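Heads up, the next two complexes both have chain A, just with different partners, chain B and then chain C.
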Partner chain A sequence: MSDVMTEAAAQAIVERADQRFQRSRRDLWVSMDRLFAALMAGQWVFGLVLALTVSPWAWAGRERSVNPHVLAALGIGTLLSAMPIALAFLRPGWVVTRHVVAVAQMLWSALLVHLTGGRIETHFHVFGSLGFLAGYRDWPVLVTATVVVATEHFVRGLVWPESIYGIVNPEWWRFLEHAFWVVFAVSFLAVLCRRGMREMQTLAENGAELEALAEGEWRKSSVVTRAAS
Partner chain B sequence: MSLFGAVAEAAPYDSVVCHDATGERRLTRSQFEKMALLDRVRLLAGGEIRFFMGTREIDKSVALARR
Partner chain C sequence: MLDVPQAADRAARGNRLAAAALVFWAVAVVTGFGMLWRYKATAATQADEPPLSWPSASALARTPGRPTLVLFVHPHCGCSQATVTELARLLGRVRGPLDVRVAVVRPVGVEAGWDDTALVGRAEAIPGVTVVRDADGIEAARFAGHASGFTVVYGADGRRLFAGGLTSSRGHEGESFGSRRIVSLLETGLADRGDAPTFGCALASTAVAREEGTE
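And now, the complex of A and B:
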């Protein structure tokens, strides 16, 4: 059996495995981009419903009119959703698209928390979103989300604490407590992301091994056939 | 067993014997799986590899399919 032929076949098999891995990774990112586009649209509707129903009660005594919240949900919500939706359809699978999605998703959490008057339960949206973002299996996306949510909590905690914690005078370090729990979740999700990506690569490599085995067997049988004839 | 190693433990072979330019070598499953993919593929495409569980030889397709 020619070593040159074996080497050429081996190179081709490894190349195909790499292509399979790249393709399945890209397919995952594209489908996640599309899923988030749908989520962004859903959140936009949900934000409007919250602004029309919950906000007037959550902010009773402070804001007499429902209009500012409806405008916030409509204006800011449109801004937050428009960019990731556009990118999901124009540049699906692009690295920037999923980081924009992460930024928008965390800012959606911020908007929803504001619309519910800093209700602590609405902060669960952050953790749900981190779980969704982990679906990309790309841990830097989680880092982007963490930086955005920590920065947003810090800044809004200084400027308008009531809109994020529901109280007027929280401790200055309250954002660190929230950030800690985000880091707690993200540290484990990042491990799962890396593991998930590694499994995709292992699948592609297993395919290459089976292909190489078939190649080897075919060559061996060809030699036997030629020797017998 | 590593923290996430439960699935890998189920592989049906624990060593491989391969022939290459340096002669015959016996590798543990872990050593084999840590080889670069191109090296593994070269051995498999060249037909110069056998899989073992203890002293019992395992069919190649069975060994690879159950990983």
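And now, the complex of A and C:
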């Protein structure tokens, strides 16, 4: 009888731990989605300010017209930011939301590189973004980000190689060299993500146990003691 | 209150809508980047052949016996910021003697100070570079330069070694055919070609370019 009760109690704690874990994991994803929504809005403003500052006009002698960079910052920038922001509010915590965030964030790197005229310093945005995405503690998100970077380099390397490598006939595997450094960062971040998730799970289990213990004590206490507390 | 089948139906409809929006979004993003790449990869039209020898009518200074590089820029061209950066990098790679002129094209009728821009200031700050004004683009026309960023290099004997741009695309820093070829030509006298596409704003207004047939 006692064994049955102990097993039932243990099962209840496991279920409670799982619920706590699911809840805190979802809370994390929702808060990360919202954080990225704010970042997307910030990047949109930054991209626009950058385009308006660096090259607002295209010139032909004395004549000027709006530089296509400004239109790119406005058009592509709006597209890149709008979808993750919409999903962050309409579908927070959804698995697709964070993968869309990863795609948009890596493409923001590509757009900012274009807007700053290919400045090598802007490429650091890629690695900063990977660090931000690791905040989801969901390693497949990092895989999506890596695939986006590799694909962008692969396609651009095929149709317009000199824009990346400065030469017209690079070896077919050159995109892998660039992707390697992303994989290098991602492989470590993925381990940290898994570790972070395991810690969340442990915290949930500890919390469930403490909760069960506290409830047991409460049940054992007298009505008078309960009333006094 | 919705019953279970209704809720499931509503959720499925929501998912279909989200999937359609995501497909539309992906297509729009790819199209946008495609247009941006196309714009950045479109070089200026090189209608005329730049003179094979240093034009005798040119008012730009050239020291006989020394190679000379002339870069033509539109003072407001945002794309030429990358060209000036590449010029500075290029000069760091050339070990031999080289006279460098940056000709700032100044259309007639513009107000005083129109051509005192950050771009011109950056060019002036490069050691060994002499910045000159090219009133109404007369010198640019002599060298058949139509776009900002157009660069010509003439050898010590006054013969043309190179004509073209210093960037790999519009306003994009990094390795380029132009810079590689110039360095190779100056250092070894050899290169696979003596030209490269020029990416930058038009030096002349649309009406002038139309008259000259460069648009």
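General remarks:
Heads up, the rule we're going with is that the second predicted complex is superposed on the first by the 176 of 229 C-alpha atoms of A that agree within 3 Å, B and C clash if a C-alpha of one lies under 4 Å from a C-alpha of the other, contacts with A are read in each partner's own complex, and residues count from 1 in each chain.
Keep in mind that, in the parts below, a residue touches a chain if its C-beta (ideal position, glycine included) is under 8 Å from a C-beta of that chain, and two chains touch if they have at least 3 such contacts.
Keep in mind the model is a prediction, meaning the values are calculated, not measured.
Of the two partner chains placed by superposition, only chain C is touched by A:V100; chain B is not.
Once the two complexes are overlaid on the shared chain, A:A110 sits against chain C while remaining clear of chain B. Once the two complexes are laid over each other on the shared chain, residue contacts for A:M197 go to neither chain B nor chain C.
By the document's definition of touching, neither partner reaches A:L35: not chain B, not chain C.
Touched residues of chain A, counted separately for chain B and chain C, are more numerous for C.
By the touch criterion defined above, A:H69 lies against chain C but remains apart from chain B after alignment on the C-alpha atoms of chain A. Contact with neither chain B nor chain C is seen for A:A185 once the two complexes are overlaid on the shared chain. By the touch criterion stated above, A:V147 is placed in contact with neither chain B nor chain C. Using the contact criterion defined above for the overlaid structures, shared-chain residue A:V54 touches chain C, although it does not reach chain B.
Touched by chain B in one complex and by chain C in the other is not one residue of chain A.
Here chain C touches chain A in the complex through residues 18, 21-22, 25, 28-29, 32-33, 35-37, 39-41, 74, 76-79, 81-82, 85, 107, 109-110, 137, 148, 168-169, 171-177, 180, 201-206, 208-209, going by the rule given at the top.
Interface residues of chain A facing chain C in the complex, by the touch rule stated above, are 54-64, 67-69, 72, 75-76, 79-80, 83, 87, 91, 96, 100, 107, 110-111, 114, 117-120, 156, 159-160, 162-163, 165-168. Only residues 4, 37-38, 40-42, 44-47, 60-61, 64-65, 67 of chain B touch chain A when the two sit together in their complex.
Across the complex, chain A meets chain B through its residues 1, 3, 6-7, 9-11, 13-14, 17, 195, 205-206, 208-210, 212-213, 215-217, 219-220.
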